[in-house]
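Here the chain labels run A, B, C and D in written order, and each chain numbers its own residues starting at 1.
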């Protein structure tokens, strides 16, 4: 805890540029015109979750964009310090609530890194199967959200129809529609119900044609969509890497990076899939990447169902988990990018410190850099490029 | 130039095709879907089987289960065993994670298919199962954490988050 | 224009990183554990080591910064990735209740919000940071840093006023 | 009976009665169109739409009206009260007024002005005033941006809208809407949408922009400025703005039909219903209104600069070129 004088001293010394900028008088141009200050959010209907953007507008052009977050902050990391290792898993579901399986998977990988537990192969296959279904259930609505932000209301409802069907599968497998609590330390909670592989197969078979009919035909060639997204949110590879982007926002600039291939975990090395990249680095490219990644996920799900071995789904664990002292890392490729968990253990049955690296949080830094210079209506497609989730960035 | 408008027309073809398709809405209060076997609804307790081991109370991440325990010779074996005289599940806090169900050694706490909980007051959502009501507003003793290097000199701060 | 990512055998690359850091800086500890380079340096050397990692060794991605409150000292972990399988875990420990460390924003611009978060949650001050404001908590009227071990959470039920 | 009819024929009474009838129709049209909009969108989205009030939800507009009447009219603090309250009226009156010159059938026209087209052009421009008043009076950044966009858009698209009318005026040689319909004849290939196809498309697009429908609903732009000029309105004032929007949407469809699709004229001569020819007018107007709704639920929204580009760089040159083509054709082809 800092003393009061010290805190004031720090804030005044370290934030000098920021303070100077805030204290600067209103700038007027040669016509004596001022810029408009506008506060977008946190109750803005089109904003992704609870985000507030402090904007400075020159007409319709954005001069400055300052994201303010913390409206959904639950201090998950502090709560996790007071829970036993297995009891943190249902809390990770609440982080990025569009990629719950990936959060669970990342956390579980970190604990397993500390424990050195053997996970049965069938459990690994089920984990990957569920993760890829989750990626579908996250990417399809994110395409819908992008269209919603451009003013087209229809695709989001088609997208949620697909998500609904995936959620029905999840409900049969895990018992819940959103907060699954399915992937456990050492395996998964329960084996797949006997009729589920066939159901998933049927769903996936139909999805490919529906994908073409409902989304690609409706969106892809639309001139208004192209004119609204092409060249919007344009960034270079250097910028993307410097800002620490991961996931579709990084891949749409052409950097060929996917944790599933470059930092392999689970059984991804045994499966075939392509890493999709695009060179444009704008909103349209990220849309194309999401569409193509959905098709790759379908491919992965088919392989998982074909190769699924028999056997147990839960490894051998003690009754009370007491990992050894040290650091445990787990990172997975969530639909938004790199989701990493860092657990510091002190040998007791509760973590000493849990740190989540959420892709929404890191990718959101892009807003400050890319939005200035764009028009006001372009903010929303750029949000669609990043596709952040409120529970993710606010932890 | 001839391409201009093609994408728009194609998209409008998609919407007009959907206009004549079957509707997928389910009219909820009249139509209720069959819940799958594993569906996690509200919790219930079979008090006859409960052995008051307090496992569920300890594992619960939300501290929504409170048990009042006393030694009693309930089964007439002449030996006083722990017995749950009060058992409350506070549904306003429960997040249906099913950890208590998994941890229970005698399978006396389980999920039902009930999922429509509503009340005008949050206190009404606390459901009593024992013979004596337990005050749900008093926190059950949280799990004690053994800190190897714990040294708390700083004054107590109130949590806001 | 294009960003070049490293190629070649992972083992050799990790050894190269280890040597690269070892030749240039005084490391307190260094080892390769489970496919990642783990080095511990003095807090004063952090900026120099990060600059070496970015410019000399080509490790382009800063994944996250974790601060751990060790009650009396703060342990800061920088997790670096070269995006091709190599990981570097850079650790440092700052003694004292009011820690100050040099910022990484000059080298990795993505550290901006990570450092703001660390400042918000732990009160770790990053000297030279361009915009060190609180990230999650209130800017004013809140003088606590929630993730410190001295900040106790009470799981008090929120029924007051309803009874 | 005959005396009553004769009394209705007498000039001032006829005007009042017919104006009342038209106003009744316009207000009902708003309710019907709200319902149609919700049903159409629901069916496109594979939903049912409102289906609880009355048979198949048909009484939903009545329930809406009751709700809107009983809602509190919230006014933002420090807003300019008279401007704020006057704006919905300034938007509704022009939209309702132009319905006076629309010929529903040869005899059913409230005021058969010989400058009907000019009247339409003049009065619809006043609608921009209401938008600006609403945006200025609300004292909100979002409203102000919406109002500025609305003013810019409506004034810009007046130009192609008027230019696209000129072709019809040249062919007809009259500014009276009844004359325009009479000149089109009772076969669908003689209607003006075929010889004047670019003008028809321009008028349709500019009309969409005039009534602020997707893809030109920038003044509302709910994903960036949350409803734009009407963000602060609630209750009955909001309902009046909505009624004005729907009335002007219906009006634009009716003008479209009158000028380019032959008004009350049947598509083929043997389908002539005599005095009931207003059925044709209604059917065609409903068709155009449905296309408005269909477009709304299919397309995303344009950006301000793209909107201006479309208006000034595509539509205006296209109309000007076709104007010369029309003039040349009239010189070359005799008897027109």
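The definition used in the following text is that contacts are C-beta pairs under 8 Å (C-beta built on N, C-alpha and C of every residue); 3 or more make two chains touch, one makes a residue touch a chain.
Please read all numbers here as calculations on a predicted model, not as lab measurements.
**Student:** If you average all the Cα positions, which chain's own average lands nearest?
**Tutor:** Of all chains shown, the one whose C-alpha centre lies nearest the global C-alpha mean is A.
**Student:** Between A-B and B-D, name the chain pair that shares the greater number of C-beta pairs in contact.
**Tutor:** Comparing A-B with B-D, the pair joined by more C-beta contacts is A-B.
**Student:** Distance-wise, how many Å sit between the C-alpha centres of subunit A and subunit B, to the nearest whole number?
**Tutor:** 26
**Student:** Rounded to the nearest whole Å, what is the centre-to-centre distance of subunit C and subunit D, using the mean of the C-alpha atoms as each centre?
**Tutor:** Once rounded, the distance between the two centres reads 61 Å.
**Student:** Quick one: subunit B and subunit D, Cα centre-to-centre, how many Å?
**Tutor:** Subunit B and subunit D have C-alpha centres separated by 54 Å.
**Student:** In whole angstrom, what separates the CA-based centres of subunit A and subunit C?
**Tutor:** Result: the chain centres lie 21 Å from each other.
**Student:** Quick one: which residues in subunit C touch 2 or more of the other chains?
**Tutor:** Answer for subunit C, listing residues that touch two or more other chains: 144, 146, 148, 150-151, 153, 155.
**Student:** Multi-chain contacts in subunit D: which residues touch at least two other chains?
**Tutor:** In subunit D, 44-47, 297-299 touch at least two other chains.
**Student:** Pull out every residue in subunit B that's touching 2 or more other chains.
**Tutor:** 8, 11, 14-15, 18, 24, 142, 149, 154, 161
**Student:** With touch defined as at the start, can you tell me which subunit A residues reach subunit D in the complex?
**Tutor:** Within the complex, subunit A contacts subunit D at residues 36-38, 44-46, 57, 60, 147-154, 157-158, 161, 218, 222, 224-225, 227-228, 375-380.
**Student:** Going by the contact rule set out above, which residues of subunit D touch subunit B in the complex?
**Tutor:** 40, 43-48, 294-295, 297-299
**Student:** Would you tell me which residues of subunit C are touching subunit A in their complex?
**Tutor:** Listed in rising order, the residues of subunit C that touch subunit A are 1-3, 5, 34, 36, 60-64, 66, 68-69, 75, 77, 79, 81, 83-85, 87, 89, 97-98, 108-110, 112-114, 121, 123, 125-133, 135-137, 143-148, 150-151, 153, 155.
**Student:** Which positions of subunit D touch subunit A when the two form their complex?
**Tutor:** Interface residues on subunit D, with respect to subunit A: 41, 44-47, 141-142, 145, 214-215, 217-218, 221-226, 297-306.
**Student:** With touch defined as at the start, can you tell me which subunit B residues reach subunit A in the complex?
**Tutor:** Touch residues, subunit B against subunit A: 4-8, 10-11, 13-15, 18, 24, 35-40, 59-61, 95-99, 102, 111, 142-143, 145-149, 154, 161.
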